[in-house]
Every structure is written in structure tokens, then in C-alpha cells.
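Have a look at the structure below before the remarks.
Going in written order, the chains are labelled A, B, C and D, and every chain counts its residues from 1.
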Amino acid sequence: MSGSMYGTHFSIATWGESHGPGIGVVIDGCPAGLPLSEEDIQLFLDRRKPGQTRYATPRKESDTVEILSGVFEGRTTGTPISLLVRNTNQHSKDYGNLKDCYRPGHADYTFDAKYGFRDYRGGGRSSGRETIGRVAAGAVAAKILTELGIHIQAYTKAIGPCSIPEASYHMEEIAQNPFHMPNNEMAKQAEEYLDACMQHQDSAGGIIECRITGCPAGLGEPVFDKLDARLAQAVLSIGAVKGIEFGDGFAAAQKSGSTNNDAFRISESGTVAKLTNHAGGILGGISDGSTILFRAAIKPTPSIAQQQNTVTAAHEETSITIHGRHDPIIVPRAVVVVEAMAAITIVDLLFSNLSSRMEYLKKIYFLPDHTEK
Amino acid sequence: MSGSMYGTHFSIATWGESHGPGIGVVIDGCPAGLPLSEEDIQLFLDRRKPGQTRYATPRKESDTVEILSGVFEGRTTGTPISLLVRNTNQHSKDYGNLKDCYRPGHADYTFDAKYGFRDYRGGGRSSGRETIGRVAAGAVAAKILTELGIHIQAYTKAIGPCSIPEASYHMEEIAQNPFHMPNNEMAKQAEEYLDACMQHQDSAGGIIECRITGCPAGLGEPVFDKLDARLAQAVLSIGAVKGIEFGDGFAAAQKSGSTNNDAFRISESGTVAKLTNHAGGILGGISDGSTILFRAAIKPTPSIAQQQNTVTAAHEETSITIHGRHDPIIVPRAVVVVEAMAAITIVDLLFSNLSSRMEYLKKIYFLPDHTEK
Amino acid sequence: MSGSMYGTHFSIATWGESHGPGIGVVIDGCPAGLPLSEEDIQLFLDRRKPGQTRYATPRKESDTVEILSGVFEGRTTGTPISLLVRNTNQHSKDYGNLKDCYRPGHADYTFDAKYGFRDYRGGGRSSGRETIGRVAAGAVAAKILTELGIHIQAYTKAIGPCSIPEASYHMEEIAQNPFHMPNNEMAKQAEEYLDACMQHQDSAGGIIECRITGCPAGLGEPVFDKLDARLAQAVLSIGAVKGIEFGDGFAAAQKSGSTNNDAFRISESGTVAKLTNHAGGILGGISDGSTILFRAAIKPTPSIAQQQNTVTAAHEETSITIHGRHDPIIVPRAVVVVEAMAAITIVDLLFSNLSSRMEYLKKIYFLPDHTEK
Amino acid sequence: MSGSMYGTHFSIATWGESHGPGIGVVIDGCPAGLPLSEEDIQLFLDRRKPGQTRYATPRKESDTVEILSGVFEGRTTGTPISLLVRNTNQHSKDYGNLKDCYRPGHADYTFDAKYGFRDYRGGGRSSGRETIGRVAAGAVAAKILTELGIHIQAYTKAIGPCSIPEASYHMEEIAQNPFHMPNNEMAKQAEEYLDACMQHQDSAGGIIECRITGCPAGLGEPVFDKLDARLAQAVLSIGAVKGIEFGDGFAAAQKSGSTNNDAFRISESGTVAKLTNHAGGILGGISDGSTILFRAAIKPTPSIAQQQNTVTAAHEETSITIHGRHDPIIVPRAVVVVEAMAAITIVDLLFSNLSSRMEYLKKIYFLPDHTEK
């Protein structure tokens, strides 16, 4: 394993370079009997597709998915699901001049340092197109979660300095602006901010927030596979993410125990609930039944048309101006990637939790169709 | 695997409850030939030991480590290293009243929700004593890193509102105050802040920063096992950590590409270097040879003597007052835990990187003692 | 991971050398709520204990187990179970002369070739005492299986040339002779054979057979984690095992399809059954509900008192005579080790199978205590 | 992970059903810098291709491989290698009558028992076509081994009763007969035996032997990842394999220590060698530098045209006659599959061994290009 596989029970192996024949993923561990079609996956892929607004790269890529295995007569069979998206809009020539030169903020130098050479066309494996495999697998994971009543929604909380305070969230507006922000007014301000960035041949970053609802209490494994630890790996593994925080996050570091603790209460339906949710739905690394909430910081797109100092592979100083079709901000397109990684992680921990109690085992293995035999 | 194992190549399995017979760890994958003694490990354990200042629990625990296997004539043999620390100062009676009641901010409720019941004595497996296994394993990992010229140092950047700006760091002062802060003056202010907290039967949180130097460029695996992703899992898996950020972290979300990118340059010794380090030493999830830098947010200790609303296991509302010997802040004692988790992760990725190039394989398997055979 | 960890869902990490302070195992992934006591484990350990017959080493080792974690008020808590057996009867001096000399048939040379040096006392990690960790973990796995109605029984089918044909099995006699053979008469012949071996300062091997009953159809994962593939790894990982076969095994290679296929039928209770069991209860790597059956070949003990040619660590030819307290045959003591490895493997695959169907997930996650929240 | 992933360091994920769009594999962990072309892989695939002799299914499948990622300018990049073989010669109608009926000796029933339903066309995932992914990955592994001077050769030792004693091996004849037998005369007898089988609408099994030469001493991890244990899992995971033995294997069970032990000697070049190789090149689960040797028992093809008793999915007894294009023996086509699985396993253990000694680490991480930085 060299980093392109993820998940212990619901395991995925992604592959593909931006300018190779295609991008894809193999999912091993999807339960049998899940209704699944290419449309289910295409819906997710279309959310990350470029060329949809003027704040994203104008490249036109259809990113059409093909299911190569694991589905029969409309349902998953329990065997690996292989998903393929052919690359169709590569302009390799755009990148020829980057062959011997390290773009600041990119992985060009570190790939060379690691492997001795690299596929320099469009970032190769470190391209944003790598996320196609994640999103395709995330669509399958999300389908499993939907069947179990668990829902994941990510959205853009901030673009550059344009940040929406929680009190001003209008969740229904997320689908009404190109940035997936829960506040159309702030989205307008973000547009203006981005227009200014683009005029200066510059780029912007932002913050994505994610909420997971309907998750039973008890998910996450004590110690190293805590729910928050696993979500942190999953989300930090997305290129350009520079930080993650759960619940009150970094703000909690300045609070006192009396203001940070969430008091427990009994809900109207008689279950254990909390008066507040500073913890972000996770206590001791295990879900507590309330909304799981985290935020991820996304750095500004490193590809900018301004001139930048850099060096060549031959260790000579030079300068570089990056032209081409780049996103001035990747935050809106990354929203679905965050959802995908969260979905994959939650499914993996749901499966892990199945063997946490003897009573669960008995529930399954004392089924009539087993015991008769 | 249910979450108490970590690492693919340098793998650890920790175990133990706060009020059971002991706590320990098994390390599988430590190379043969590393000089190792109980003193090496004890030095690390003593850094997390309670009872050393009035800002930590007054419990006296010697936390003496015993090496049970894997070391022969002062060197590691390549076989598993089992480390044991006996529990010696348990006052189980202190916790009897918590048997049926969920402490706010603790894992009591979530353990019950997961497993159906729990070892309620002192938090059981969710106790801070669980970190003994991590620190013991981290001492071994740190010893490997030292042999390779890699150094990890964590310290307290902030306690509550008392935060040290980077310009005021005096690294030599870290060892001169009880909080491991790189600024004795700020440590004094933190003392006053904590005294006030304790007077109000309240607790405090803070921020730990960590620097890794001497790390070769090329560590970290593209996609899911990015260096930052793995460090994020490792650090978020420590109880009470609510967030992590690398380099400029959340601040990068508000910056532009032109101010966030680190320009490359050629160092005096002719190698690739950077003019700045906004990235925190990691590009595309792979180390770039500069200092790796991250910060972790630690929440305030949830155990406070103030009365808090909560519920019982029988789902009745009640209130609770937690007495006992609790740390008003865990940040200073967590510094060495952060170092330990970082060390274990770096070692794991160093080992993973050994098979990244055909030339590395040839370097090892064309050694005379192999080829002769 | 360097080979001392096993299992993906029910994971164990064993450790310990024959002449170090002790031997043990950490089990991560045991479900909560299993009744477990030290007696449960001791019963298994006592079956492998030496010194019980004159055909085993006369070393007296009490091999008393201590549960260090993971059990509270008589039930497992879901957290790691750490088990410790202290070494008490080491005569390190017995082995001093083996420091620089490679015993034929042992791992002395290969450990040196791998690690550069070795703990030469009693074989160190390659000693038969290493199996204590396996047997202790196997006792826990067997306890889980018993709760689910699955039963594993291994026994000695052959000692040297004294082999019992299946038609002559008397299963009730297994407990009536020192070799755990299902035929007391053949056990007598084996005694004579062993007496002759011992007189010639020689040793013997044999065959262990294992039957697993009550196992539901559907266990084992297609392709690489086939039930037989996993059992093969588990059993071949026991020192001295040189082969494994399932059902008719090597004999099947000489048969035709028409005589090797097992015809299906409907049992009296209306379930799918087979007229014969040439397959050994496994079809396509998945259990078919009938008895799982395999045989393992055990080589003769390599430690013999006859003079043997060998070489020194300094690469000089020499001869060696191995004195000390060695088993003339390890087959009878290995019976429980085979059972243990089978039990651990079956449990691991039972847990893996829990996420094989959407309907299983719904069975667990639509439990009232989850859906209310 | 549900069984279609294998290997810890050199990891593969295979996928595909016999009658779906295609079959393939993703390899994660191939080192950068290995020369690799589609021809390298096609050579291996052509060895398992059907339709080449009258003793194999007459289906014509081109089984042409496409490299979808991980190779740039003729060399591996260190990122995942995705390989795709489109299915082109499916006759799904052939299998329509098998939809509701369980073929004896096949995985039809066990797949239904596991997943609740199955892709019944041609065996779906349990088809022999599944091995395409293994063979494609094995070609890459074999290429790595060749660069390191390690060579793997499998061949047919026996078909039904036609078994070649080791004294009659003529290795150069392996390539001269359709069965890959090291004795052309015995191959002739096997032809006659198979002709008789086919006349009786019956099938045959056999034994494949495999030799690995050039392997350094020191490979394999003590305890659970012993070299023989891992090879056993790898080979038993191939459909139709019913047993495996190393060196003298089951015959060793009848020998005495004095005749089974291999005496050590010093070779002419001054290295440690053995006078005999009863152990099959493995001591204590670790390679000893001599030839690694194992044998696998392959059952007769279960698909035969004779009428057989069986049951339906609705649990009614019936009989079945299997027509279609089936191999009367799969042994010759399985030879390259055994080689592939052995190659993948050896590479995985070679990589695992890289972190076995501190001196290896220093060899890599003290390279000038690292230490300068």
C-alpha cells in the first residue's frame, strides 16, 4: 500500500493521472443488495465537474462514469465495484514548459524528491482530477448511508474574508449560488472578492463546513481510530486542505471547561441528548448521536498567472508565469469531495462497529437461514 | 482491529485501563540493531507523569516501564517490543459514584452507547493514562529518528488566552517553565490565568505546536496517506484535541495565492529550499525538506468541580459535581504525547518510503551479504 | 507490522522470547459482553504445557496467564485484552554453546541473515514458546465461537508411520491417550515408535487433522481472503508445519470431476446439504455449511542429540550435538495451537462477513436503541 | 476490504466478473523507475489465455491489456498502476439455465448463501477469468524480481496419475509440451489420460510445482507472516487449489529429525549453504538462500457434461448437465497464476524486509540527496 488505498472494511483504491487515459476507483467491501446505477454516481461527479461557472476552470470535461464490475441487475453483488472515467480534454502541451520547473505551492518538487522523476503533465497524480475517484466512491458510500438514514451535507462557510456566521445560515440557499454558500448575500460579496482576485491574476481560499446527521451514537473506535481522527485523515488527504477542526475547534482552546462542556439532557423521545454541541457530535472519539460538525481550511489555488520565483530540476533559480485554465478558487468544487471523504469514513466505521458487541453477532448469526444449516 | 492498533510498517498496539492492572504497548516492526534501554523510554514517560506541578493532578504514579521482549544485550532484535507499566495508585472508590452517571465532556455516555456497558473507573480506556502506551512507543520511534538525524519538538504555544506570537519565541525557555512554553513571561501570565481558573473550580485549554526538523524531502504517500493527513489522524486521536492545522493553517484560507505560495530558491549548499514556509514543510502531502510545522487545539479539561447538568444511564436527568484529583489543564502533559504520535507517524512513513524507488531496492538487495548467496 | 500481528477485525499482536521476561498477546477487536475469565484461557494453555508426558520436554513451566486489560466484572469491555505469561523456568546456560553455531532445521541462521544478530537463548522468538500468545488468543476466539454454536476440534491423525484411517476414528478416545489420537490402539503403536526414536536420539513428525462444525454457510471472502487461504496462512504460520490440505486435498489431484464433485441434496430440515464432503466444507473459498476439514503436516523436531554437521556464524564448518530438554515430537502439543489459529481465523472472517449484505446492516442499525436517537 | 485486496506494501486490488464489461487490477506500491510496457504484461496474460490447445476451453478471448495509469515515458512513476482487460467473448445465454441451479463443485451455492443472490453468468466473480487480474499484477511483480536477480518458475508435476519423479525432470522440456511438464514423455501419457477423461465427459486435476531462485536469505517475517504462510495464503486463494506443501511437505511427517534436517555447509564462495533442501528453502518461516520449493494440488475441473444431482435455489432436488466450453483440466493454465501469486508475495516480503535493520535505513536515508537538505 502506497497511499492510494483507504478504509479497512469499506476499502477503496483510487488511481489515475490528469493526462493519462483515465481516472478511477475500485471499491472492495460494498455490501450486496444496494441498488446502484451509473446515474447515482454521475450525480456526484457532476457536482465536482469543471466549466460550470466562471469561477472554475473553463476546461470542458464530461467526466462520464462507467461501472465495470460489482453490479448485476441494478444491485451491488458484494464483489468489487470498479468505476472508470476516461480523460477526454487533456491539453498536454499546456504543461510542457513545466517539465523542468517546480511550480510554487504545488507537488512538483516533492514528487521529484520522492520518486526521482514525475509525470509533469497537469500535475499527474497530484492533480485535482485525482479526486474523481474519491467522489465516485463517495457516491456509493452516500447511497449506503441514505439507506440507513444518515445524511451528510457540506457547504462553503467562507471564501477569503467573506465568512458567514452560523446565525446567518440559510441552508436552503446552498443550492442557489455558484459557491454552495448558505447565504446568497454573502455569496454576492464573495463574487466581488473573487472578481478582484482574478483581476490581479491571483487566487483565493476558503472554509468548508460539513454536517452529518442521523448518525447513531457509538461510531468511532477508541484510541487511534477515533471518529474525529479518521475524519481528519480523510479530509486532510484532500489536496489544498491545511487544517480541520471539530465543533468549537480552535476556539475551544480559549474556553473554560464550564463553557465548553455540553450538559446532557433527556430528549422528548426519552433518549440521551445534549443542551449544546460544542463538541461537534463526538465525545472521546465516538459519535454521541447529535450532529457531527467539522470545518476544513482550504488554501488559495497555487496556480496563478503572476510571475513567481522558483527553481529548475537542475537546481537553477528562475521565474515562472503559469498560464492555462485554472480555477481561481477550488473551494466550491471541493465541497462534494469533503462530503465524499466523510461518507467513505462513516461507512467504514459503521462496518467496524458491527463487531463491537456480542449481541450484534447473535443478531446476525442466529438468523434462521444460518441456524437451520 | 478495533482502533488500538496504529501504523502499517512500524505498528503499535496499545492496551490498558486507568484502574486495571497496568497499561502497555506492543511495537511490531522496530528494526534490529537499535540501542534501547528502559531509561530511554522512562525519560519520555517521566515527561507526562502527573504530580510534578500544582497545575497537574497531585496523583503520584511512578509509571515505571518494564521491557518484556524484543531487546537483547541492549539492542532491539527486530521482534516485537512489549512494554509494561503497572498501575499503582488507583483509588477506585473515587469513581464509584460515576458508575451510573455520564460526565459532560467525557466518553462515559458514548462508551455505553457503543459497548452496552463500560469500565467506569477513572474513564477506563478513555482515561488520559491511555497515552502511556503512546508515549512509550513514541520514545522508541524518537530513538530511531535521532539515529537518522530527525528531531521532533513540541511545546505549548497558548494556554487559554495567553498565546505567544512566533516573533516572541525563545526556544531555550521551553525547559524553564512548568508549561513548556517558549516564553517565560507568557508562562507567568498563564500561571495567573490558571490560578483564576482553579479558584472558580474551572479548567483551561490551549494550543500545542510541533516542529520536525531534519526530515528528508519525499516523506508521505500521495493521496490518502499524505504526511499531513497521517499526522492529523495521529494527533486528533489524542483525547481532547479538537483541531489541527499545518503551516499557516486556517489563516491560509483568507490569503491569496500570491501571498500563500512559498517561492523556491537554491540554498547555499546547492539544494532546493524555500524563501518562506507558509506550507509548514509539506507540499502535496509530501515533505519538502523544510521544517514540518503544525498546531493542535486542546480543549479545557472536562472534569471540573462545578455543578453540571447531566443524565443517568437509566435516562433520568440529574446534576453532578466531580471531585477527585484532576488536571486543571492537560496541555503541558500532552506536549510529549504530541511528540510521540508525530514520531511514530514519521517512522511509519520513513519505512513506507523505502520501497518508493527501484534504486533503493537495489541499494539494499545488492549488498554483498545478499548477492553472494 | 512485521509479522507478529494477525487478523483484520479480530486482531492479535503476540510478543515474547523463550528466555525473556515473558510471553503474551494483545487482542484488539473482541466484542463487548463476552464472559471471560483467566480460567477460560488457562484451560487452553494447560493443553500445550510441557512436562505432561514422557514424550514432551520435561521442562516444568506453569505458564500461568494474567489478564491485564479489557475485562471488567467478568465480561469483555470491547477494548484490547492484554494477556501475560511470565517465563519462569529458563535455563539460559543450556543454550550458551549455541550462540555462534546454527542448529540444522532451526531458524538460527535465517534470523541472523535477516536481522544481523539474534537472541540465541532457546530460539528466542522462534521458540515453540511463541505459541503461548496464539493459544491464549485462541482461547478467547473459541469462547466467542462457542457462544455462536461453532465448534473446533483438532486431533492427531498420524505420528510418523502410525496413521489412523478415517474409518477407524473413535472420536471419544482423543482424550484417552497422550497423543490426542482418535484411536487408542494406534496411540499404543505410536508410543512404541516414539520409544524407538528416542532410543536412537532421534525425533518424529506427524499429521494433525482439524474439524470445524456449526459454521454457517457464507464465511470466507472471495479471491484473496478465501476461507481455505486464510486457514492456510494461519496454520502454516505455526513453526514446523510443512503443508496443509483441505477435504480430499492432494488426493483430489488424482481424481476425476465426477468422483470429486459433491452432489447437493436437500436435508431433512429443508436446507441445502451435500451427499459427500470431498471439498472439506469449502466451495469457492466460502464455507458451505458442512464440516470444514483440513490436515497439517508437522515435521520431526529438529533438535536431536545425534551429531550433525553445521557451520558457525563466522562461516566455519563444525559439528553439533544438541542436549537439553527437547520434545521428541511436537505433534501432540501442537494440536491446541492448530485449534487456536483456526478459531482466530474463523472469528476474523465471521466479523468480516457482517458487512456482506445491506440487510445485515439494517438489522443492526435499525435497532431501537439506535433509531430513537 | 472484502477479500479482493492483497499485499501490505505491494498491494493489489483485483476486480471483475466473467461476463461484465471487463477484468482488471490496481497495483499500489510499485516502486518508481521500473521499465514497464503493455507487452511485459501481455506476455504473462497470453500464458493463461484459453483456446490454445484442445485441452483448454475453445473460447477465443484476446485478453488484451491496457495500462490506464502509473506509467510515464516507459517507466513506473510510483503511483497506482491500473490495468484493464475488456471482456469480449461472453456468451451469457450459455449460462441462463444455471440461474436457479447450483453446480456441484462450484461456488454458486456459497455465493448465494453469503450475499443473498449472485451474478450467475459464467461464475461471475468466482470464474477462472478472475485470475486475469492476478496474472497482470504478477507480471509487474516478476519484472521487479528480475531486476533484483530473483527468478520464479512453476510447471506441471502431475496430471491425474501421470506424475514426474524429481529424478526425471528435464526443465528445458517445460516449454515443449502443452502442459508445461518437465518431461515430454510424461506429457504424452498425460495426453492419453486426458483424452480418456474427455471421452467419458469427465475432467482431471494435477499438481503444480514452483521454484524460486536467487532469493536472498532473510525474507519472510517471523510468526504470522512467515514466507511459507504467506505463499500458502497466496496459492490457496487460487480457485481449485486444495493443498500446498513446502520442501518434503507431507512426506516430512513420516521422517525422523536425523533424515529431515538439512546439514549446513560453507559453499565454495564462502557463504552458508545446505547439503540437502528438505526444508524447501525456508527455515522458521524465513528464506535461507537456497531454492524455495512448493507444490500445489489442483482439483479436477468441476464443470463436466455428465449428469449430476443437485438442488435449486428454491431448495428442490434436481439434476444438471453442464454443457458449454469448459477446460477438461485447468492445471496447465494455472501454472502462470501460481507464478504470479508467488511473485506478488515475494515482492511484498522484500519490501517488508527493507525496514528490518537500522543499517538498511541508514543506507537509504544517508544518501547524499537526502542529507544535504
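The working rule: contacts are C-beta pairs under 8 Å (C-beta built on N, C-alpha and C of every residue); 3 or more make two chains touch, one makes a residue touch a chain.
Being a predicted model, the structure only gives us computed values, none of them experimental.
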Comparing the two chain pairs, does C-D have more C-beta contacts than B-C, or is it the other way round? C-D
Centre-to-centre distance between subunit C and subunit B (centres being mean Cα positions), rounded to whole Å: 37
Centroid distance [mean C-alpha coordinates] between subunit D and subunit C, Å: 25
Scan subunit C for residues touching two or more other chains and write them down. 1-5, 8-9, 14, 29, 32-33, 78-79, 113-116, 125, 216-218, 222, 270-272, 289, 352, 355-357, 359
Think of each chain as a node with edges to the chains it touches; is that a line, ring, star, complete or other? complete
Partner subunit B, residues of subunit D touching it in the complex: 8-10, 29, 31-34, 78-79, 144, 147-149, 216-218, 222, 269-273, 289, 350-352, 354-367, 370-373
Provide the residue numbers of subunit C that touch subunit D in the complex, in ascending order. 1-6, 8, 14, 102, 104-107, 109-111, 113-116, 125-126, 130, 158, 160-161, 197, 200, 202-207, 216-226, 228-230, 232-237, 239, 242-250, 252-258, 260-266, 270-272, 275, 279-280, 283-289, 297-304, 306, 308-311, 315-317, 352-353, 355-357, 359
Residue numbers on subunit D that touch subunit A, as the complex places them: 1-5, 7-9, 11, 13-17, 20-24, 26, 28-30, 32-33, 66-70, 72, 75, 77-82, 84, 113-119, 124-125, 369
